[in-house]
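Order as written gives the chain letters A, B, C and D; numbering starts at 1 within each chain.
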Amino acid sequence: MTLQVFTTGGTIDKVYFDANSEFQVGDSAISEIFREANVSVTYHVESLMRKDSLDITDADRQLIVEAVRKSTAERILITHGTDTMPQTAAALKAITGKTIVLTGAMQPARLRFTDAIFNIGFAAAVIQTLLPGVYIAMNGQVFEAGKVRKNRQAGRFEAL
Amino acid sequence: MTLQVFTTGGTIDKVYFDANSEFQVGDSAISEIFREANVSVTYHVESLMRKDSLDITDADRQLIVEAVRKSTAERILITHGTDTMPQTAAALKAITGKTIVLTGAMQPARLRFTDAIFNIGFAAAVIQTLLPGVYIAMNGQVFEAGKVRKNRQAGRFEAL
Amino acid sequence: MTLQVFTTGGTIDKVYFDANSEFQVGDSAISEIFREANVSVTYHVESLMRKDSLDITDADRQLIVEAVRKSTAERILITHGTDTMPQTAAALKAITGKTIVLTGAMQPARLRFTDAIFNIGFAAAVIQTLLPGVYIAMNGQVFEAGKVRKNRQAGRFEAL
Amino acid sequence: MTLQVFTTGGTIDKVYFDANSEFQVGDSAISEIFREANVSVTYHVESLMRKDSLDITDADRQLIVEAVRKSTAERILITHGTDTMPQTAAALKAITGKTIVLTGAMQPARLRFTDAIFNIGFAAAVIQTLLPGVYIAMNGQVFEAGKVRKNRQAGRFEAL
């Protein structure tokens, strides 16, 4: 089994740049997380874009869909900002025959306390165990694309 | 869906006691990990024992099997030392109708670098997505009970 | 010996707010750092403001000077953003008879990798060992107020 | 100013070895801590031994004293296990004309929560600011050699 990981940015990959006193999307933390967990399945990581998900346009979303469609992998993990993760998941429903899982984090992976590492671990299992379809893996739960929203106030994902 | 978590000790829960200059099994880190990940499924954590898995006897193993059998939960996550995790998994095969997942860590959860958090996240997904059976979730992979061993030299689990 | 700590904000205390996808100054991390290090000298922590140091005005700076002047403590540690730390240090030179040390961080204290904890430890020693005067403690060095600048490009403080 | 660092082992450098399910003294964490803090003074790190301080013999102690004596550096930081740190400090009083500071940790530097990084920062300042003499830097305090003990029960150092 080979896992294809596409990264698109979002909170999970935010790093702090002292030079401009702000957090911006940096190198993806996912390869480091996989190494730290000594993951022994084969995986490939590719960065598609580095965007806050509020800045992801329809064109960006189409680019993500095309990358997933063209990939020879049948199991694809996508890291993505949480704010528009449900929209991207909905767009990916056009693809059939692949298990596609989106995850992200409410707190950057590089914080001492973060949900990122748990979420990546969780999503890495979902992608290996579920049948083809599009899923969001957040808050220790699996949600089906199109039936999930981010409750911004509560800071978590909820089934619709 | 309700998750029952039983903790039995092992490296994952080792803490450092300065008083005797050694690591021993301490309070389980799992509740903290679930909170940090803002897990929104219902879960209960219960400590069955606090043992290095090399010290787990047949009687201890029987106690674990009984606790799982008596539990009303259908999805049960067990944290366990890695050295004899395959033996405990094999013993649990006597139970049918429940999804039972064992996980642990090569490095204590309280280290700055650890596989524990990823593994807990991974196992938390396996337990929700797989049909009844007994599984070991380690190194980003799912292994069936009875078909897995720890390769101590390589520091990882492998399918038999 | 009693240490007075005044916090003013800056990178050291930045936390990530998912709700607006950005880092802002949060609760000061300094009490937590002191507890984690099991510091056994008496200390008091008081927040004067929560500002990026680029936003600290002359009026803010005057407020800091007054707080230091009015304090009955003779040894005062100030956490401050790095960009205008030299200016605030210079303003504090108006005060005599107290040992005043400013420190901060290039990376927030709540990151897994950060210079904040080392810097707080370093500054906590400088404040106890040096004679009255105003100092900046950064990059494992002590700089005198008025004789130091931040080299923004190199990401470190340098003696003038 | 050049800092010479000698490492001797102790809790601060303990790492977890899964192969034998225990913590042992590993590579010193001090270089990593200095890099993470972007320390810009010149420093050299040399490992003299890797021992739990309860295992440090009189011969080991003599070896440490000789290394300090032969060093051309005038400011020498020693990382050391806490249990017999006061004895080694006392032995070092035979040396004059150098500022010698011993520090260590109650919790390994590689834990997510540790006093090691603060202590190293604290000691790195003490060594630069104090006159020749032998000191222990622990719990955010400076103790003179010969006038300090570890209160094992309370888990901290105290002045005699």
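Here is the rule we use: contacts are C-beta pairs under 8 Å (C-beta built on N, C-alpha and C of every residue); 3 or more make two chains touch, one makes a residue touch a chain.
Computed from a predicted model, the values in this text were never measured in an experiment.
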Query - Fewest hops from chain A to chain C - one hop per pair of touching chains - result: 1
Query - Joint neighbours of chain D and chain C, given as chain labels - result: none
Query raised in the report: Given the pairs C-D, A-B or B-D, which one repeats the contacts seen at A-C for over half of the pairs?
Result: B-D
Query raised in the report: Which angle of rotation, from 0 to 180°, maps the CA atoms of chain B onto the equivalent atoms of chain C, to the nearest 5?
Result: 180
Query - Fraction-based call for chain B against chain A, same above half, different below - result: same
Query raised in the report: How many angstrom lie between the CA centroids of chain A and chain D, rounded to a whole number?
Result: 43
Query - Mean-CA-position distance for chain B and chain A (Å) - result: 26
Query raised in the report: Taking each chain's centre as the mean of its CA atoms, how far is chain B from chain D in angstrom?
Result: 37
Query - In chain C, residues with contacts to at least two other chains - result: 106, 112-113, 155
Query raised in the report: Classify the inter-chain contact topology: is it line, ring, star, complete, or other?
Result: ring
Requested in this report: If two chains touch, include that pair; go through all of them.
Outcome: A-B, A-C, B-D, C-D
Query - List of chain B residues in touch with chain A within their complex - result: 33-34, 36-41, 106, 113-115, 117-126, 128-130, 137, 139-142, 155-158
Report summary line: chain D contacts chain B in the complex at 11, 14, 16, 18-19, 21-23, 52, 54, 81-83, 106-108, 110-113, 152-153, 155
